[in-house]
Structure formats: structure tokens, C-alpha cells
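What follows is one structure encoded as C-alpha cells, with my remarks underneath.
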């Protein structure tokens, strides 16, 4: 078949790292989904802000892939068609993103891996490590259990993310690293589509099997599923909820934390992450070296064995104690947003109102 | 020539000797039953048997399966999708399909939460407005389908995509909205009846069924029409009483009969009665059987179609509201995922045809219970998700094969 | 003669590239049986569907008791008092006999279908047409061709029509049932209804029809008083030639028993 | 007399709670036209479908040229050489006329459908049945009742059958077409084929049939040589009584023109 | 009495004066065209017009939309789902539905990657085995449907769930498997033809079409059958040549004609020919139109059904393989998401009926391009997901409404 054809590696498109901050250029930002709050509400605006700040003449093209690998590929292609000079890619599937990286490189467009380390030899990488997030969540859960003196024979339920989402596997692996041996895992589920409804049903079955009183804690991979877990516990008549973990620092999750229903969530300080990505993108597009700024540049190796200069940020555990110092002081949410009527008489809000 | 009315009695033919009539005796009933079994006219029986088999298998694998707690949970787990199924059944009876029920349930849930939480409307008002939203959406779908002539598949596919967009838009960047644990919304699924009320409902239900059926058969006998014997009616009432009283007893062992499940049952019963006992239901079946014949009979086919789509979306909205109530929250993924598939699958497994004109509202209950039981049992057994998917598929097939085989023998007898 | 209850003129109807009816006219008086005759594909059923509002005409006028009316959907025709038995029957195969008989005109008491009343009436009606049907509660899909036809005929008698159109009502009927239907048509005429009867059976037509209107290739091709016209004349009008297969066959065949009982 | 080409005995068939056929027997010789008569719902079409393999019998034996055979699907009957025209026609409404005519027996050249050859043959065949059809490339859904019937008849002539079963073939046909079909049946008989003809039209039956087999309520109710039997005798066998609507009507009616052309 | 053959010439009727025949003149052609327009017999025209409208609108909003690069990408973006659509069309023609195509494409992709990467089989062998897997899966579906009588909806729903489980199982804990950038698998979508080859293919395609059509019409004329005039044939060939040569010219401005798109086109053309020109295709239409009539005509209905399901799954597997090739990887989510909906929607938008017996293989191409163009255009315009969903729904409806309206007037003319 290939006898009469040619395989073109990269014939046209993209003018390589020749853009300049003075003239401005176009930056493509590809985010994976819109169903968790952070991407549309924080990553995108923070990133656009950073670019506007660092390179006033630049423009940002933005796409969201709704958690669909092939959609993301189409979106990347549309951007390359548009003639972006650098891609900032938060991959739906880090491994499958190799095709996007490949295509960009064939058109001499550099790629910055954002949040997830896309395969295929990207130019820079900035992230909170998925694996680390899992360990941090688990660690927080262990601490909470210890505080309640549940000890070694504590029994927990694990509600992991979607079996078809590769990132869920990272969180799961990280969490297991900490939890295995420390506590006994009574029931463990993968949740199709990260669905809160499914998580609720799974939790109900776990309660049926183990008994509501026997559950000392629940590892839930994100805030959405935590809401389902808590609904199941409440419906089963549990008043004194065991610690439930979460991730993403959704507003609803923060509200559950101040109401005492959810124990913690993971807050990723997105502003520094987005700013770093912006700096990396500008460096890559203009062909300069990036030194890592205040966080310092390290080198990581991707699954294909390529070394990538990277900045890794630390995820922050948010519990009722440090809401003020994290999400509020970073401008993530305001007190008014959190303390709606339904939450006005929580300790947190009464305190905030009085101070 | 003497003028005669068309009802002249002159030529009443002798009774046809060919139909094989069952006597009223128990033996006659059993014989008729066996004949139906062979002839494939089993109605819901195969699915019921499938359900029993599923229960027995899971119970033998995990003794918690038939525990009152688990059964109580099961009743609540099937409610939301079951209500959507109810609407889907109406659409399937027309011979059409509604792909939008999941999205409509999601957008109605979002409307509910935005109105009740963000806008601070009283919860009952918000519930009413959310239901209304569903109804309006259905009218839009139905009108585009019936009046413009876009295939229902495409209209509701556009609905599936478009209303999901509206849901995302409504929920805005916050994503999830929590609803209070103690408002009217939450009470919908958090309310259980005390045992006495449960028993009362069961007695009234079985009593009404028996009374009305006996009255109906008496009228038939009085009119000289073939009727069921009293023995048969009582036998049927007994067969109905077993699950009803058994169910109440088991649920009373836990928290009592849940309000939400009663709402669901109420919808199923009402829809069944509407479909079987009213002109409207008759017209729905007629349009599903042959739209052209219905049109020639003077039925306003467009109106029936629009109303059915409106009903389907309304029920989807009700299902969405109950889902919000149960999860204390609405999120961007509400109504997404496999909700649509489950709603349609429940209808089909329960015996409603995809090709129109054949089915019953009870499909929603039976099919929903089959699917719910499979999921519940597999979660209890806690398998790898890959294995869980494969087993779900296998159990699904097995649960339907009995029905299929019996229907096959019926099909072999049907005219082309 | 009395004023026609139904009068059509200039009716044309086109399907895609086929002009099925061109400038057709037709009159029916109360108490008159008009036979609508024509070859296969002449446009008879199309004309019936135009009158019944199933496929409205492209052009042409329709007078009902002298007033011009428009009939755009079957409901319009039913409102006027036109009952129709279609050649393709138009039954809902999934519904049982009673449901089909009363389709669109169900009886209710307090909103609930009066199944007992409808079933009793259905039984009476079918008995009067001397048809045997094992059970009234089977879906019509399982009925024999003639049984289906009888259901369709019975249905049209349930309203209180002023004009009844029967498109080949006896085609699938047995001898006894055919006799009953012919009796029925005569009774309808005697009650002052207008009847339009389509049939290919000349014996039946000559037995009950007062007038015969012939269509050929979608156009009017004759209007005869049945009493005054011979079989051969009508057949010639239908086929458009005196030399037609019927005449040729009649000239050729001398099989015993063909004296056309 | 020659050996029967087809012989049935003890055929029974039940649909759910209805015993449609009980212990029916039937014989057809080559070169013989057997009329299968009976009231509506007597079981005639059911018997035809049993023979054609559409709805195999519950019990009973079938002899083909003296050998016992089993016919479980339509293909089996076609293989034996039985061609069938069903009362409910069984056409594919979405296919055009040519495709319906050749359905299951398409002609191909080098694997590709020979549309030209098939269309030419179809045109010849339909012309010979003197039916007018504007275009052979319209879906049969748009044909008139009689046109559909003719398509079904034409289809059965395309194979090389030994027995042809026609279930009310002329019910929807015009006078000219009916004459052609009767001619056709006679030609088939003359070519030595066995023919089973179901018809409610006694005139047609008496014109072409050699023998008449009567079914009543799913049982054999008589076997007559047509030449030797009067119209009244046959009708009495069909209706099961000498006092039947036909006789009553005949006694009552004295409408001019009812001398049964 | 003289014996006559059935083909006696004695009574050939005069030609029917009613059909309105178009002359061969250009004016006649235009008149016939207008008549078809009014009569609603437009075939693919409304969808084509919809496609053109979509293109014009997006181009006016973003000048990159019709750029060679974007169009080249578009051709590759539609390939995988388009192939699945092709199979779905076969199933829809039967009047059934196949919900499993997405999962089958995913599991075939997983088989491919596991064999080629983990097991180290030569890539072409792995490709062949993956296709074979698809075919076997289809045979299983078809057999359960045709022989056991389980409704196709349930069988393929079980397939949808079960094969996804198998995919997860095969991929194991590794999840995603990357395939090499330079193997046979990758070449499938990474190969573009040099301009000359593209032109050559275009010339041969249009030439073959013209030649064969002219030959066919000549034969019809020779046989005395109504035939199209040479002028009309040339006009049609010209209308075909415009998109073909235009497409090649545009694609040559970028990398050239992509191999994968040619594979897709090849499948579409072959399926179209099979459906229209072979006994097999005729039987598929017959079964879809009336299974009972087909059965009575001696067609082995079960065999046709099984073969169609086998074809659908085979094509799904091919689509899955091309998806792997394009993404250089297979993951747990391959074949999931909206792949199934898109595959069915493309078929329906392209004009294939959900009720069987009406449709064409070109629906896959046209419907796929419509959906692909909408998606591509909206990505170029960069909107919020919520707005994007809503606009997708609106555009989808608009693209189909033209077709629906024309079909409506046709429906009004059809018999019940």
C-alpha cells in the first residue's frame, strides 16, 4: 500500500520557536473536561491572566475535551490548523496524548504538558503529581482515623474513580501505597464515569455488607463521589459521619467540609501552576531556556524514557481548619460564596461573620 | 321488504366450537395455564422468573442480598431510573424512541437546585417549576417530531446533547450544588412510613384490586360475555397479595415502606390504568400499532405524539428530582452516564417492544428491578470492574432469554 | 330528484410523477347506491381517499348537501357524516377486535372505557353480519382475511353516517357474508343514506347499485343507470374497448358450469 | 386416474387456544384444478400456509408424488415445486416491482444483479396479464390493491412449479384481469400442473375448477366434482345449512339486474 | 383451446398516459428535478445542502474552516466513526439496532494492541486477528438474536457492557497501551498519497462511474426499457466530478489524499454496490422491509441477520483499529463516550431509516461529514462546553429539518 504513497513526517505548518513576546503569538490551551469545577473556573482564567501579564500581545486559544481522548485530538488538530505557536496540553489520557504531541512536533509546535505528563517527549511539564495526590489523600485519612483512635484495625471503604479513566488508576495506586497494611479495606469499588449516583449505590452496598457502624472512614477519590458517599451514609441514618476524603476543592465540597460532613479535599494551588505553565509556554515558543523560577526545575522521565524538564508542585490538604488560609486567601472562593443561607449557621460561617 | 336494523337477530351463528375454553375448576385453570405456557402467552411471567433466579443466585453467593436493608436500598435505587423508564415506555409504545430522558432529568435537577438553593425559592415551588420545565421540554420535542417531521431519534439526540449543555450552563462554573438534608426535596426520599401505614396501604391495594376485578367480571357475566370465574379472580388476587404483603413485611423490618418507592409504584399503577382503561391510552396503542389506521379513525395523531413526548420528559424531570433528593446534590454529571441506557433497557427487559404498540407500564417496575438487582448483587460481591461488566452482560442476557424463547414460540404463530 | 348529499367536481390528484386523478366528478344522492367502477389502478381508491380526507385532492371542489366544504383530514369527513371502509382496511393489528371496532369512538363511563358495553355491542354487530370469530379479545393480526374485512365493515356502521363509502367490501368475504353485506347495503339505502360502492364483481354491482360511474386511467369514463345498461356495455367502458379479455374469454370458454350462477 | 402430485392427511393446526384445522385431508392430481372452499375463517389460508411451509402443521402427513416429505420452511416447499400466492400477498413494500417479482430468485450475471434482464422479463409478464402499471421502478407500497395482487400472481409464475396454490387471487382484480387470471389457470392445468384455487366467487370456481373441497370450522366438509354439483349444494356445504343467508337473499331479492351476469 | 405461454402478446396494453415523462432535453431535466423537489424525492440532496450551509456558516465565522489543513484533518476525523456507521447502516436496514459497535471497536483495538505490543506479534497479523475478533463477536450477537430470539437491542446492550468489560480485562492494570509510531498500524492513518496518485484515483473513479453508467443505460435502451439520456448521465458525472476533483485538489494542497480516508471511501462504495447490485444486498433490504415476506420468498432470514451483525461488528473492529492507528494508543476509554451515538446518528442524519428497509451506505459518509464538520467548526470557534453542546444540538436539528420537511411531503403522499 505504501508503495505508491508517502508518509509525511511534517511538511508544513507552525513556524517553530521563532515567535517573540513583542509581536505576540498564539498559545493553545487544551483542558480535559468541564465536569469538575477547576478547569473552567480556575485553570483557564488563571492561565489567561498569566499570559496577559507576561505577554500582552499574545492570544490564548482554549478547548475543553469533555473527558474524551479522540475529542481532544480533534481539538488539538483544530488548534494546529489555527496556527498556534505553542500548545499547553492537559491530557485526557497522558499516554494516548502521544499522538497529539507527535502531531504538534511534526509541525514544529512545542508542547507544554500541564497537570498530566503527556507521552511522546514534551518540552516542559508542570503538575501536581496524580500519584502524590492519592498518597496525600490517604495520608490525611490515616491521620483522621488516628485522631479518632480507630487504629490499625480500622475498616475503610474505597471509592475509586472511573475504571476507564487512566488518571483514576494513578490516584488509586498512590492511595493504596499508603493504605495497604495500615487499615483494612472492607470494600473497594471503581466508579463508572466518576458518577456520584453510582458512588452512592456502591456505598449503600458497602454499608449493607459491612454495617454502617463498622465503617471508620471512606476514601473517595473526588468531591463529587464524596457527595454520593455522604448521601448514602446519611440515608442509612448515620449521624456521626466517618471521615470522607475528596479532591478538587469544589465549592460544594468545601461547604460539606464546613458542615462537618466531609473531612477533607485536595486543593491544588492552581494559580502558581497556571503561571508556571504560562512561563514555560512563552519560553518554549520563543526558544528560550526556562529555569523553573521560584519552584526550581527538576527532570522527570516519561513512560517512553524521555527526560522532560519539569516543575512539580505540592497538593494541599484542605480541612475545616485551613479553609481560610488556602482557598479563601488565594481568592479561590469568597466567604459569601461559601456561606450561603444553608451554611450560614455552621461554626465556620458564624465565626467568619463575627470576625 | 321489511326494514331491519343492522342488529337483526335472524342469523346469530351457533357458537364456534373451535376455541378451547377452560372451565372454572382449578384443574381447568392449570390446564389453561399450561397451554399458555406452551403457546408463549406468558406476559410478565418469564421476567418474574428471571428476577427470582437472580435473587436466588445472589442470595446464595452473599447472604446480605435479601436482607431487609439491602432490599430497602434496592427499592430506592430503582426509583429514579424507573420513573424515566415509565416515560420511555410511553414513547416506545408509539414506536418511537426518546434519547433525551437522561439529559432532561439532569437539566430539571439543575433547575430545581438553582431555584431552590441559589435563588432561594421555597422548595415545593422549585419542585413544581422543575417538573414544568420537563413538561415544556417534552412539548418542544414532540412538536418538532410531530409537526416538522424530524425523526424522533434525531430530535431527542439533539435534546440529549442540547439539554446537557443547558445543564452545564445552569450549574455554571461551580459545578455541584448541594441541597439541604432537611428540606422538602430531601424528604421525598428520606421519608419512610411506619409499619401500620405500610400494612394499610397493602390491604387497600389488594382489596381494591380484588373488589374492582370481581365487580368487572360480574358485569361481564351479567352482560352475557365470557368472564373469569370467582375462583380465578381470587387466585389472581392471592398471587398479587404474596409480593405486596411480603414486600411490606420485609420493608417494615428495616425502616418501613419508603415514600419514594410508593411514588414510583403510584406512577406505574396510574400509567397502567391510563394505558389500559382510558381513551387516551387506547389511542396511544393505536398510534403505535398503525399511525395511519389511527389517523383514518379520526385520531389526532400529532396531538397524541406531542402529549406522549411531554409525558416522557415530565417523568424524566420527576426522576431527576428524586435523584437530586437521594443524592442531596445535583452535579454536572447528573443524568449522564448510563442513565439513558438503563431507562430504555428496563423498559425492553420488562417486555415492551421497541417497535411500538406492545408493552405495559409494569415493564418499568419489573425491568428496573431486574437491572437494580443485578447491579446491587454485583456490588455486594465486589468484583473487578472488568469482571463486573462482563457478568452484568451475561446476567442481562440470561434474564431475557427465557422471555425471548417464550416470545419466539409466540412469534412462530403470528401472522406476517 | 333530491339534492345530492355529496357532489365532487374537477378533482385532480398527483402522486410524484403519476397523475392518478384528472378532473373527476361524482354525485351521490341520499338513498342512492352509486357503484364506482374501473380497471385496476383506475383511481377508485384514490378518489375514496380524497373524499375521506386521507389524501386531500390537489384541485377540485367538494359540495356537501350543496355547501362547499374542505376535507383535509379524516376527522373532517367523519364530522360531516362520511363513513369509509378502505380497501387496505386500516386496522391496528396490535389491538383486539373490540378496540378496533370502536377506535376513535370509544364509549366511556366516567372517563373509563366501557369495555363491557363495547364488547356486547360488538358481539351483536358481528353476529348480525353472520361471521364467526372465536374470541373478540384476540388481536386482529390473527384474523383471517374475511374476518378482518367484516371488522372494517362493522366499524363504519357504528357512527351515524349520511354517506358510506365501501371500497371492495366483499372482496374477501364468503358467500354468506357477501349476501349479508349486500342486504346491509340495501338497508342503508332504504334508510336514506348515500352509498358509494366499489367492486369488481359485476353481479354484486348489478344486484344493489342504482347508478354506475366508471373511471378509466384517472378520468370519468361514463355514468350509467344500472337498470338500463347491459353487462357488456359496462365492461367495455371499464376496459375502454369492446374487444377486451372478458369478451374474448366469454367467446372462447365453454366449460360446463360457467353459466355464472 | 394418475397418482396425486400432492396428498395431505390428518392435518391439524392450533393457534394458542384456537384449533384452526382438525384432521384435514386433501389430494391434488397433476392437470387438475382443485377449488378449496369455505366460509370466512374456515381455515383455508391456514391450510395453504401449512402446505407452503409458512406455518408447519402440528400433526399430519404430506405426500409429494407418493413420497412422504416434511415441509418446515417456505424454502422446502419451493424446492419441491410448490408456488404459492398468499392472501396477504407478502410483498416487501419498500422494494420496487421488479425486485418483488424476483425476490429470492434474482438473476445475476457474474454476481451482479441483471436488472435489465429482470425488468424486461417483468414487463413481458405483466403485459401478458393485461395490467397497467405506470413504472416498474416504484415501490410496491404505492400500487393499487389490484396491482399488488397481480404482482403476487406474476411472481409465482417465474419458477417452474408443479403445483400452484392461489389464495383468493382474483379478489382485488378488475374484470379484465380476472378473465386473464382464469385463462392463466386453465393454461397451467393444460400444462399438467396441479392447481389449488381458493375463491369465494362461485362463478369463477365453476368456470375453472374440476373438483371442490369444502372446509367448515377447520374440518373437511365435502369433496365434489364441480360438473356434477349444483351451486346450492356447494353453498349449503360451505355454510353448513340449506337455510343460509344466500338462500334467503336469493328467495327475497327481486331487484332488476340480479340475474347474476 | 390453443395452448399459450404466459407471455402471450395478445393483450399488450397501450402505454399508460399518466406518468409524466421527462424529455432528455436540459429543460426536461430541470422540470423533472423541480417536480422531484416538490414531491419530496430528493435523496441525499437535503443533507448535502445542509452540509454546504454548515460549511458556509463556519467559514464566514472562521476563515480557517475551509483551509486545506482543517479539511485534511476532517477527513481523518470522520474515518473511524464513519466505518462504524457503515456497519450500523447495515443493521438499521434490517430494522434492528446495534448498540455494541463502540465497545466492539474498543475491544478490537485492545486485542490489536495486546497482540502487537504485549505479545509481539507482527502488526499485520495482529490487525487481521483484531478484525477476526470483531467478526466472531458479530456472529455471536447475530446468532443470539436470530436463533434464540432475544431482541437485538438487548443482545447488543449486553454486548455494549460485556465487551467493555473484556476490554478493561485485556488492558489490565496497565490501562493504556501505546503502539509504535512507525509500524503497520500507524501507517494506516499516517500515510498520504502524493498529488499524482490522488489525481489518478479521482480520474479513475469518475471515469469508471461514467463508463459503467453509460454502458448500463445503453443496455437498457437496447432492451427497450426507459433509460436516462446520455446528457443526463454526463450531467450526473459532472456533478460527481466536482466534489471528487475539488476534494483531491484541496487535500493535495496539504499533505495529499490520506490513505485512511480512501479506505473509508472504499468501504462505503463497496457496501453501496453490495447493497444495490447483489443478491445479498437485495435480501438485506427485503428482510428489512418485511421479514415475513422475505421468509416466504425462501430467503434464509436467520442467515442474513447473522451475517449483517457479523459485518457490523467487523466494521466496528476496523473502525477501532483505525482509531488506534490515529491515536497511537488504545486506552480503557477507547470506543466509549459518544462513539456509539455518533455512529448511529451519522447513519440517521445521512437518511437511513431506523425502521428498516430504507437507506444507503452513503449515509455513513454524508452523516459523518455533517457531524464532523459541526464538531470541527465549533472547536475552531472555541466555545464553552455548555454553549458548544447547545449549538451542536441546534445545528444538528437544522441540518436534518430540511430533509425532514422534504420527507414529510413524501410521507403525505405515501400509502399507510
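In this document, chain identifiers A, B, C, D and E correspond to the written order of the chains, with residue numbering beginning at 1 in each.
Keep this in mind: a residue touches a chain if its C-beta (ideal position, glycine included) is under 8 Å from a C-beta of that chain, and two chains touch if they have at least 3 such contacts.
Here is each chain with its UniProt name: B, E = Xylose transport system permease protein XylH; C, D = ATP-binding cassette domain-containing protein.
This structure is a prediction, so every number in the text was calculated from the model and none was measured.
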Subunit E and subunit A - chains in contact with each: B
Co-neighbours of subunit B and subunit A - touch as defined: E
Rigid-body rotation angle, subunit E and subunit B, from Cα fit (steps of 5°): 180
Chain centre separation in whole Å, for subunit D relative to subunit A (CA means): 74
Inter-centroid spacing, subunit E versus subunit C (mean Cα positions, whole Å): 45
Distance between the centres, which are taken as Cα means, of subunit E and subunit D, whole angstrom: 42
Centroid spacing, where centroids are CA-atom means, of subunit C and subunit D in whole angstrom: 25
Residues within subunit D bordering two or more other chains: 15-18, 54, 88, 90, 130-135, 142, 180, 183, 217, 245
Multi-partner residues of subunit B (at least 2 other chains): 1, 11, 16, 18-19, 168, 290, 292-293, 295-296, 384-386, 415-416
Residues within subunit A bordering two or more other chains: 34, 40, 163
Interfacial residue positions of subunit B with respect to subunit A in the complex: 62, 64, 67, 69-70, 73, 76-77, 80, 117-118, 120, 168, 173-178, 180-181, 189-190, 255, 323, 326-329, 331-334, 336-339, 375-376, 379-380, 382, 384-386
Residue numbers on subunit B that touch subunit C, as the complex places them: 1, 3-4, 6-9, 11-13, 16, 18-19, 216, 219-220, 223-226, 277-279, 282-283, 285-286, 288-290, 292-300, 356-358, 414-415
Parts of subunit D lying in touch with subunit C, wherever the complex brings them together: 15-18, 38-42, 44-46, 87-88, 130-135, 138, 142-147, 149-150, 168, 171-180, 182-183, 200-203, 206-208, 217, 226-227, 231, 235, 238-239, 244-246, 248-249, 253, 255-261
Complex contact set, residues of subunit E against subunit B: 95, 97, 99, 144, 148-151, 153-155, 157-169, 290-293, 295-296, 341, 344-345, 348-349, 353-355, 384-394, 396-397, 400-401, 404-405, 407-408, 411, 415-416
Complex contact set, residues of subunit A against subunit E: 1-2, 4-8, 11-13, 34, 40, 61-64, 66-71, 73-75, 77-78, 80-83, 92-96, 98-99, 102, 119-120, 163-166, 169, 303-304
